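What follows is chain A paired twice: with chain B in the first complex and chain C in the second.
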Partner chain A sequence: MKLHNNQTAALSKRNKTIGTIIRDMGAWVLILPTLLILYFFVLRPIIVGAWYSLHEMQGFTIKEFVGLENYTRILADTQFPRVLWNTVQYVLWSFIIGFVPPIILAIMMNEMVHLKGWFKFSTYFPCIVPMVAATMLWFYMYLPNESGLLNTLLAHFGIEPFEWLQNDKFTIPLIMITCTWKGSGGSVIIYLASLQGVNQELYEATVIDGAGFLRRIRTIAIPHLSGIILLNAVRQIIGIFQIMAEPMTMTDGGPNGASMSIALWAYKTAFIDFNAATSLSIGVITFFLLVIFTVFYFAVQNKVQTD
Partner chain B sequence: MSKKKILAVILSMITAAGMLGGCEQKQETAVDGQITIRVGGWPLETDEKAYAARMEIKEEFETTYPNIKIVPDEWGFDLDTFLPKAVSGQLPDIYITSFTEIKRIIQSGYACDISEYMEKYKYTEYLRDDIMDLISDENGSIYAVPKTSYAMGLMINMNLFTEAGLINEDGTPMIPDTWEDVAEFSKIIKEKTGKPGFGMSTMNNVGGWHFLNLAWGYGTNKEFVKQENGKWVADFATPECIEALQFVKDLRWVHGATPDNALLDFDEMYKLFATDQLAMIIASPPLNALFDQYGMTNTDAAAVKMPAGPAGRFAQIGGEIQVMKNGLTEEQIDACFKWLEFNGVTPEVSEDRKKNIDTEYRIQNEKGYVVGIRKHSMWKADNVPPVRQYEEECIEKYTNVNPELWKDYADFSKVTVVPEPPISCQQLYSLLDGCIQSVFADESADPKALLEEAANNYQVNYLDKEK
Partner chain C sequence: MKRFEKKETGFITQVELKQTRGQIIYWVMFAVLIVVSICTFAPPLWILVSGFKDLDEFFLVPPTIIPQSFHPEKLVEVWKKFDYILYYRNTLFVALGSIVSGVVLNGLAGYVLSRLKPKGSKAVFMMILFIMMMPNTIGMVPLYLTICDFPYMHFNMLGTFWPMWLMAAASCFHILMFKSFFDSIPLSYIEAARIDGCSNVGIFFKIVVPLSIPVIMTVAIFIFNNSWGDFLWPYLVLNNKKLYTVSIFLFQNKAGNYSVDVYMVMLTLAIVPPVIVYAFLQKHIMGGMNLGGIKG
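Right after this comes the complex of A and B.
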């Protein structure tokens, strides 16, 4: 009798499951392309890469399981501390140079009455310029001789030409200026969209109460944006930590490794040195560092959504 | 079954499909005795003359060998795309690259052992020993067919030399015989034209690669490494190499000889040279890219042998090679060699194939490349193959420049040609790139400290890990 009951329960459960599948079929079909893309371009490379990084490889063929040997090689590499510190510097400079301007621009545009459309376009325009074109544009502006645009400007004021990218103390900040110019438009749009969700009556009430521009910003705009600001901060850390194309096209990691980022180092290790296993190990180390930030990102996102 | 389980099942299925999708492609096999080979470096259709000539050779070849089909592939060797193509089995069956690339291709397992065929087609009989070393692994197996070879030299922009008054009465350029002469000439050029006299690329490993010529001239160990107790030890943080790097630094800061840009890549350097913005560069003459891509006229350039340093005159050897991808069948390898033979690349060229060599030189002439200089020979001096002799006839026939402007470079009797260092040379070049960038960018840079740091990095990160 008990057995019969169990069979009936199992049958009913299976029917329920089939019912669920049939009911949700549309959703599964819709989600399948995304799952496939996620699997082939994100999940599988991560899993296979992590597995390969535990092997000695010839080209991209695994030869022998070596455990963590590739990781110990990376950690013992004399370039690793410098490259990691460079990458941290990219993140720090991205905050110093690139974090506040989009907030200011968004607030300005939100307050504007005239020419708002033109400002929106001109702020977002660099985002649609191809990355290589944007970096080459800035590379030529930074040229250290008289033909560099910035040095031409300096010459007008009787100032000697500056070294720009070639001065290793300034290479990373100058690359970050390029990244800020190229990428801040997206952040501005996010902040502006958020600001435009503020109830206008709040603004009007503060104006009636005699609050000036700065006070409105401090008491309404900033508190309203605080969640998005935090979210963008985490996204910026994750994004800048993987910076590669900008230093690659502007300095190739130079002068003498001063702008070598961890992603560019991994690229060169794989494609110039043909050392795939070591490159994959660098990738896995970066992955784990970014997982920490991503977990934090989701926590922040949940908080923002809850608020 | 919960939704999570459904998701897990779907993901598992995708994983299985993905794993199958990742399986290595199998090499095309001959069907009914038909052999197909994919030949890389095929001219683009837009390059009408070269394309038409190559298609004509293809047609003739397929008529002569009806069982072999040639599939044109326009891919030319490029580091950014090489590995993905190699891994996915998409490399052409035979393609052209340079001597500098072959070691890493062999080590990665993507080149085919062609030792047997090199003997069969008599390359081993005629090729010089140093060239054989460059294309072989440590066990003596051969992995590439040399196409051309060169010794590096110094290329001269004739317009700037003329403007600076550095021209002899017979119209030939005055020759900077030593590196000190290069500095002196640069001062004159700067004074008379306002343009930098001497340029070195400093990026993408080219700076280090070119610096070897200077370092050897100052007496640095030719291999940059030595063996101690069976282990490789870096051997370039030496007084001789430091002196060479100091000279490079002085070129920038004392003589004002070099461009202000310390981050100069190959293309940028070519551009400066081709547009009369730079007077002298280390290069592998005749450097046809200058005339092909940057609009320079071939009569505006000249070449002289590599300047000498206190320890002598040394020039690095290089050139083009043809590599066959790993995994080809015996029939395909033989078909590739037949294709080379048909194009007149084999040492013993037959009478009826000579016309293909003739066509190659005619096209070079028509495209405005430099024809008229005897390149450094990859063949043994005491056993010159028929192909070299016929090439000389073609050069004579299609000369389009004043040979006097290239004569000094082509006299290899006064130059010691040296192959690149035996171990991790790309990594060495990369580290030396950094040293050159530093001395060009920073007036206070210390060549001794830079080379010591580079030697330590080379030792710890690469040499110590050699098995």
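Right after this comes the complex of A and C.
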């Protein structure tokens, strides 16, 4: 009798496993198309690209295996340090111009009872403008002749037209102003959403302690945001380091290579000079530079979410 | 100042808002925000206004800041002259296809990861998180090769909309948005349907989809905006003038082929559709920002 019981138990257990397997199969079928697309459009290109970068290539066809030759050529290229420094400058300027304002804006918007909806609408508005339209719009604002908006304004004060993007000292910061205009609305909304989670009693408590406005921001609002601020910072480094379409459309890397970023260089090497292998090795080098930040991002994110 | 009593967030307390000092600080911040909101609108507004000036005024020295002439009929002229409807249609085609493939495939993926959780789905989820953050600096050339000559099956997708449509489904961010939304649907609904003998697919379409209209809307709007503004891949893939999207058209004509005021009207035409979508569906975008697991 006891044996019989065991047998049925084992049998139903096996039926159950078969049931789960069938159920699981169904689930896998549903997710399979997405996984295939992710594989062919994201994962495989990275693996294949890394492998191809070890080869000599003619146009886009792969020839013989040459090991690290492409890499040594890139690292010896005099353009490489210059482009790398440009890219670092993009990142630095993006922090100088665009990092603090969203935090301040969010803190101020969080105070508002009047027109709050309007402020949200207007700050996020530039994110809606298509990228090329935005860069072209600023391209025409920065136009070096007299019809550029900024020169129009200068003319009203009797100042001579300025060359804006054509001046190699100003190109990168000016492109970064465009990117900040276009991109910071998203950060404001994220910061604002987080600020709404601040416990109001904390503020009341510091008021009793006699804390002024600035000290309240410093001791309550900023620490509350610190996790997201850090995540945003890492994301900004990773994102801006790969900047490409903005300089491509606004300056095409000019004047005289002053705004050439590493990603734009990789693009031009592949699609203008048809030197795919070199372009891939630039990509792999950038990849390894950025992977450090990605790992750091994951570590921070885990910590922020468990806090 | 009755509205102050509605204030629930922020560092200025109710008591202080009744004092002059608190009110001054409040209104100073208000003024700053007004200035900022004007700054965000100023560049597109300038485009709109100068596009409608007549050409004589456009090149007037000294230039006018407040326009003297206003010719909205230029909008129609440019629309007709450049066959703008073609670019609108192509862009819309890219956007709608991307919405379908992105919503359906990412929605299913999010559902599988959130609810069905087959054996091994945890690993897939980790992989998706990893892919999302991975720097995408290597993929450009191989992806272009993939599009020219698809691995194993050897077909060519250059000059078609398929690459953009398929890439819309490769968005880890949207998968996570769907997943975190599905995570918030009460389990009891799904259990009840399962007891009634509903299949996985049935549950998905009869219970999960109707409940998920908000997240579907949000993702659809995000995809619409992304595709309307997408530049690099359409530029590389759509190599035929008949297939140009609005962004490619703008880029190709940037270098002064036409007079500046005509270009301004072209820019206006490119900005209008997403702005209309934004103006009417703002709520879904704002809500969606906090769905994608970016919150701290």
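Heads up, the rule we're going with is that the second predicted complex is superposed on the first by the 261 of 307 C-alpha atoms of A that agree within 3 Å, B and C clash if a C-alpha of one lies under 4 Å from a C-alpha of the other, contacts with A are read in each partner's own complex, and residues count from 1 in each chain.
By definition in this document, a contact is a pair of C-beta atoms (placed from the backbone, for glycine too) under 8 Å apart; a residue touches a chain by one contact, two chains touch by 3 or more.
Predicted model only: the values in this text are computed from it and were never measured.
Once chain A of one complex is fitted onto chain A of the other, the partner contacts of A:168 are limited to chain B, with no touch recorded for chain C.
In the superposition on chain A, A:93 makes contact with neither chain B nor chain C. After overlaying the two complexes on the shared chain, residue contacts for A:189 are found with chain C alone; chain B is out of touch. Contact with chain B, but none with chain C, is seen for A:144 once the two complexes are overlaid on the shared chain.
By the touch criterion defined above, A:40 lies against chain B and chain C together after alignment on the C-alpha atoms of chain A.
After overlaying the two complexes on the shared chain, residue contacts for A:118 are found with chain C alone; chain B is out of touch. In the superposition on chain A, A:48 makes contact with both chain B and chain C. By the touch criterion defined above, A:59 reaches chain B but does not reach chain C. Applying the stated contact rule after C-alpha superposition, one finds that A:265 touches neither chain B nor chain C. Counting the residues of chain A touched by each of chain B and chain C gives the higher count for C.
In the superposition on the C-alpha atoms of chain A, the part of chain A touched by chain B in one complex and by chain C in the other spans residues 20, 24, 28, 35, 40, 43-44, 48, 60, 143, 270-271, 276. Across the complex, chain A is touched by residues 3-4, 6-13, 15-16, 25-26, 29-30, 32-34, 36-37, 39-41, 43-44, 46-47, 50, 58-59, 61-63, 65, 105-106, 108-109, 111-113, 116-119, 121, 124, 128-129, 131, 133-146, 148, 150-151, 166-167, 169-170, 172, 175, 200-201, 204, 225, 228-232, 236, 246-247, 250-251, 254, 260, 263-264, 267, 270-271, 274-275, 277-278, 282, 285-286, 289-290, 294-296 of chain C. By the touch criterion given at the top, residues 14, 17, 20-21, 24, 28, 32, 35-36, 39-40, 43-44, 48, 58-61, 73, 76-79, 143-145, 161, 163, 165-168, 251-252, 254-257, 268, 270-274, 276 of chain A touch chain B in their complex.
For chain B in complex with chain A, the residues that touch the partner chain are 1, 3, 6, 10-11, 14-15, 18, 22, 79-80, 82-83, 86-87, 104-105, 107-110, 202-205, 259-263, 265, 426-427, 430, 433-435, 437-438, 440-442, 450, 456-457, 460-461, 465.
Chain A makes touch with chain C in their complex at residues 20, 23-28, 30-31, 33-35, 37-38, 40-46, 48-50, 52-53, 60, 105, 107-115, 118-133, 136-141, 143, 146-147, 149, 152-153, 155-156, 181, 185-186, 189-190, 193-196, 198, 200, 203-204, 207, 213, 216-217, 220-221, 225, 227-228, 231, 238, 241-242, 244-245, 249, 263, 266-267, 270-271, 276, 279-280, 282-284, 286-287, 290-291, 294, 297-298, 304-305.
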